[in-house]
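Structures are listed in the sections that come next.
There are two complexes below, and they share chain A, which is joined by chain B in the first and by chain C in the second.
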Partner chain A sequence: MDLSNINPVLLVASLMVSATPILLAAIGEMVVEKSGVLNLGVEGMMITGAVIGFIVAINTGAPLLGFAIAAVAGAILSLSFGVLTQVFLSNQVATGLGLTLVGLGLSSLLGKPYEGMKAETLPKLDIPLLSDLPVLGRMIFSHDIMVYLSLLLVLAVWAFLKFTRAGLILRAVGESHDSAHALGYKVIRVRIAAIMFGGACAGLGGAYLSLVRVPQWTEGMTAGAGWIALAIVVFASWRAGRVLVGAYLFGGITVLQLNLQAAGMTWGVQYLSMSPYLITILVLVFISSNRKRGSHDAPASLGQTFHATR
Partner chain B sequence: MIRLEKRPQPSKVWTYTTPILAVLLTMVFGGIMFGLIGTSPFEAIRTIFWDPLFHPQFSGFSRPQLLVKAGPLILIAIGLSIGFRAGIWNIGAEGQYIIGAIVGAGVGLALYPMESALILPLMIVAGALGGWAWAMIPALLKVRFGTNEILVSLMLVYVAENLLASVSSGILRNPEGMGFPGSRNLAQWSSSQNLELIPGTGMHLGVLTAFIAVILAYVLLTRHIQGFNIRLSGEAPRAARFAGVSPARTVLFCLGLAGVLAGMAGLFEVTGPAGQITIDFGSGYGFTAIIVAFLGRLHPVGILLAGLLMALTYIGGELAQLMLGVPGASIQLFQGMLLFFLLGVDVLTNYRVRFGKGEVAA
Partner chain C sequence: MIRKTLLASAAAAATLAAAPAMAQDPTEACFVYVGPIGDGGWTYQHHQGALAVKEEYGDAVNIRWQESVPEGADAERVITQMAISGCDIIFTTSFGYMDATNAVAAKFPDVKFEHATGYKREHPNVSTYNARFYEGRAVVGHIAGKMTQTNKIGYIASFPIPEVVMGINSYYHHAKLANPDVELVVTWAYTWFDPAKEADAARAMLDQGVDVITAHTDSTAPLAEIGKEGGSAWGFGQASDMAAFTTNDDGTPGPRIASIIDEWSPYYVKRVGQLMDGTYEQIDSWAGMPEGEVVIGEMTDAIPADVQAEAQAMIDAITSGEYHPFTGPINKQDGSAWLAEGETASDGDLLSMGFYIEGITGDIPN
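Right, the complex of A and B next:
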């Protein structure tokens, strides 16, 4: 094994690429959970976004259009979850699982003819001046547009939740739906809007996997990324800034283990491949054991069904 | 104006009719889906639901398959349903199933080529323990640290899949297999084989165990204090705590039981229908069992029927792939749709639909 083959500049650059899909999905899911809804279907929405984005990009040759349609597809799929849980008052955990199963089935059905093809990927966007910096330039300032969009999205979500009236209403709905309802806020509408935003973000994250990160379509290609996004929301204690930290940490682990594999660590490839999942578990344990001492950060109405009695 | 009004008690009538309604809705929308991908809807539905049982040519082969596929689904779903009743969301049964198979097969292969009638029972115990141990990870983490069992049990599925890939090309690989990944064939070694008990029916030890599990789960839930405590923990967690039901013990019991049953299901599969440990022997029973548990209303008898129905869609799906050339994934979507529709129509069980203007609140 030759560790000197691992280039730190490339490592950080690929870390950002590898973290972006999870970051997009996680920031969307955080907004959903802030509104008091637990959508376990992230994996299903992501993989649907991945396949739709790929199909659109192949057929039109425009990857950005692929991203846009993937976001729409994710939002439409999540709307089915929204209608079931908010209008038909179904159990959120079970419905989320169902959404994942539907998404996995739908995506492999749609993607079958596209396996092995190659779509046009996003061009690298060299930011003028900054990308010419000696080390940092290649590390941070010469990525594709989605990497920067995902960072902007984190910033926007943070500002939205912290500074806007609409953000306050969304948080109120998530903390106590009965009080929010009594104040005259439309709990169900707010939640469905949040769910669709989460679906669109998950769709974008999935499309980033199939259009930039990998970049091609293979069945079941998300391989648990949606579930990891869910874990990152818990890790982040429902805060936008920490979602960013969590996603980048996780991206770092993934890239590092891939680099170790590539550096010729032939022994136990499977053990390296399982490391991201094991580390996610360890992080969850660490966070939840700390929580016992501190306050509960989860939105108080998370996962509860809202039924207005009058 | 349509309003929903919560029923004081879940409706008895709708409890039984909603699964049937969901199946019918799935047939309609599944038919539309098949129509969209260019297959005759009626032919597709007939091939999936009717031909496996009654087609003169294929039913001879596919009827026994019904029990072979339903066995593991029922066994796993029974374990899951008891946890779901208590509000404990173990969705990592696939991992417990894989680890049960690996541990059980490992114990058996360590004794190869000894011949003894005790080997298969020993392997079953080892498989059960393997599944139990894997389920204890999320259980203990939840009890000790309050870690979310949904995420941990699911993450462990990916860990288990990587372990499976590792052992099937490593420690458990068949030394006489000319370097191909995969273990020795356990179904061909007389000490470990789990064959049909009655030839031509598909009834093997795993299916028998599944039937016994259905009966025991029924007794547990309706006649035993532990079953009452489990239902109480799910329906009224606060009341359960005041009544002295330990949440920690409930978590350990429910996850442990699900692990034992899933581990046994894995072992029965690897010694019977699958025959050997291979990378892809998993086949997703652990996830489909979640649908089975809900379709069966988390009730043991319901799960028995739901397991048979879901097995039918598996076999019918394979037949439809063969005869009509529909993609395998469409069956997966079909099964997912079934769960979705079931959850949707479930509203009728717990709520009354009222038309017209709301009355003045009393």
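Right, the complex of A and C next:
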């Protein structure tokens, strides 16, 4: 094995790109779950975002507009979930799974004419001074704008939940919807807003796949990224900073194992290949075995149906 | 779709019973796909074959298919469903359907089963078919050996099965013949279809100085990733032509400089035809360039003219049967002799291939 072949600068650079789709989807889902709603439809919203973003980018030549519309599409799709679960009180798990199926089917229908086409991708930013830094410039400061936007989003979500009144209300709704309701907060409105935010983020994550990471549209291209995002939320025990760590860790191990293989690592390739999933499981076990924290961090009303008369 | 056709065929059966004088039922040819038709690669090509069957026989056949069927328990359910719903011949188009196909075949002796790339024919109604993809790998291996500037070429491998090992060996052997300094980097992706992961695998190799990559996975993502290098790295269409990557938007040559196309149409048309005229028999088919099942897609001008001519000469030699891509002398990785001077590999050896040839570094995961 020749480890010197692995250039750490390029490794970190490709890690950041690799982790961005799941980071976007996971930070959105975290907000949804913080409000007490479990939306298992992340995969469906992601792939819908991927196809819509791609279609818009092809037809307008403007990838940024593609991202914007993808976010809107993800939000609209998630609104259907919101209406079903919040207004009609359907089961969240079943509805979320249904949303995934709808998203997968809808995207392959919409995407049919766009297979094999190439869209304009996002340019890499050239930040004055920062991009010219010797090592960090290439590693961290020469990505496309969405990478930074995803990081900003994590920061914004953290600040929102920790410091703002609205964030406090959202958390209250997630911890005990009955108390929040008794205090006069609009539980359903808060939750629908959170669900739509989650949908928009998943849409962005999907569009990042089809417009930057892979850049093309292929049916089923998310290939389970939405489920990873869901796992990362639990992994992160519903904290924004840890969502970032989780997503980068997952992306990092994936990229690292491929690099190790390419550098001639000769043993245990299959273990390396499963390592991202294995480590995720290990951390989940570790977190939930730790009684003092861990599972107690889950929003208390997570997944429960709310109706004002009960 | 299945349910709808089930109802339709039930209705058709009812009508037939009432009016036995009606024309013969169309033959139902059914296909089980491992990925979406829109993968632009493996499944897309199988579907093209299915469409060719319909085109050839028109109203005399109905084709039906199910996409994205996972290898495993689901496959058995889907195949059973097809058999129940009146399929006369069922093509299961991925290696992982092998056991499911044989299990269902035992229960439906009147239905014909055709399993792609497998080797188990446990019942008289199961045939297997495959294409000699290693013939295509030989040609792109030669091109890769000539094209590489860094002397590092890459192979995105899917799973450690003989089919893939054969491809790796053929690719490397011919790259080495074309360029003695060439070094091969193999990356196992452990998936047939995951565009993001395939792109990551291509990226990892590109970052380490690999400049010609071939993939054994199904999507076009590796080509898209190679394209980001802006003309300093090259790749090949896999399974399908992937012509969209032939030229970039600005008119410069794209990352795809040639391709290995799986052309299943001749086989599908032949087998369905045999079923209809009663000459159908259980077979184990392994055809390649001579039969037109493995085709090299158009070579682009990024390949120098003399290399194109050499590649074409190799294609012609394989097609006419003059040349076998595994012709000795070839040693195994550990240096022991495999094929003597002028000796060619037997099909049995190839179909159970579990070793690298001399010069490839690394081990086959098992």
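One rule holds in what follows: the second predicted complex is superposed on the first by the 279 of 310 C-alpha atoms of A that agree within 3 Å, B and C clash if a C-alpha of one lies under 4 Å from a C-alpha of the other, contacts with A are read in each partner's own complex, and residues count from 1 in each chain.
Criterion: a contact is a pair of C-beta atoms (placed from the backbone, for glycine too) under 8 Å apart; a residue touches a chain by one contact, two chains touch by 3 or more.
Computed from a predicted structure; not experimentally measured.
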{"item": "Partner chain in contact with A:T254 - chain B first, chain C second, else both or neither", "value": "second"}
{"item": "Which of chain B and chain C A:L84 touches, first, second, both or neither", "value": "first"}
{"item": "Partner chain in contact with A:K112 - chain B first, chain C second, else both or neither", "value": "both"}
{"item": "First, second, both or neither for A:A94, with chain B first and chain C second", "value": "first"}
{"item": "Which superposed partner A:S273 touches (first chain B, second chain C, both, neither)", "value": "both"}
{"item": "Contacts of A:A223 with chain B and chain C, given as first, second, both or neither", "value": "both"}
{"item": "Which of chain B and chain C A:R165 touches, first, second, both or neither", "value": "neither"}
{"item": "Touched partner set for A:R213, first chain B, second chain C, both or neither", "value": "second"}
{"item": "Touching both chain B and chain C, residues of chain A", "value": "108, 112, 219, 223-224, 268, 270, 273-274"}
{"item": "In the complex with chain C, residue positions of chain A that touch it", "value": "5-7, 10-11, 14, 18, 21, 108, 111-112, 115-118, 209, 213-216, 218-225, 254-255, 258-259, 261-270, 273-274"}
{"item": "Complex contact set, residues of chain A against chain B", "value": "40, 80, 84, 88-91, 93-95, 97-99, 101-109, 112, 219, 223-224, 227-228, 230-231, 234, 268, 270-271, 273-274, 277-278, 280-281, 284-285, 288-289, 291-292, 307, 309-310"}
{"item": "For the chain B and chain A complex, residues of the former touching the latter", "value": "4, 6, 37, 89, 91, 141, 144-148, 150-152, 154-156, 158-159, 162-163, 165-166, 287, 290-291, 294, 327-337, 339-340, 343-347, 350-351, 358, 361"}
{"item": "Residues of chain C that touch chain A when the two form their complex", "value": "35-40, 68, 154, 185-191, 193-197, 199-201, 203-205, 207-210, 219-221, 224-225, 242-244, 249, 361-363, 365"}
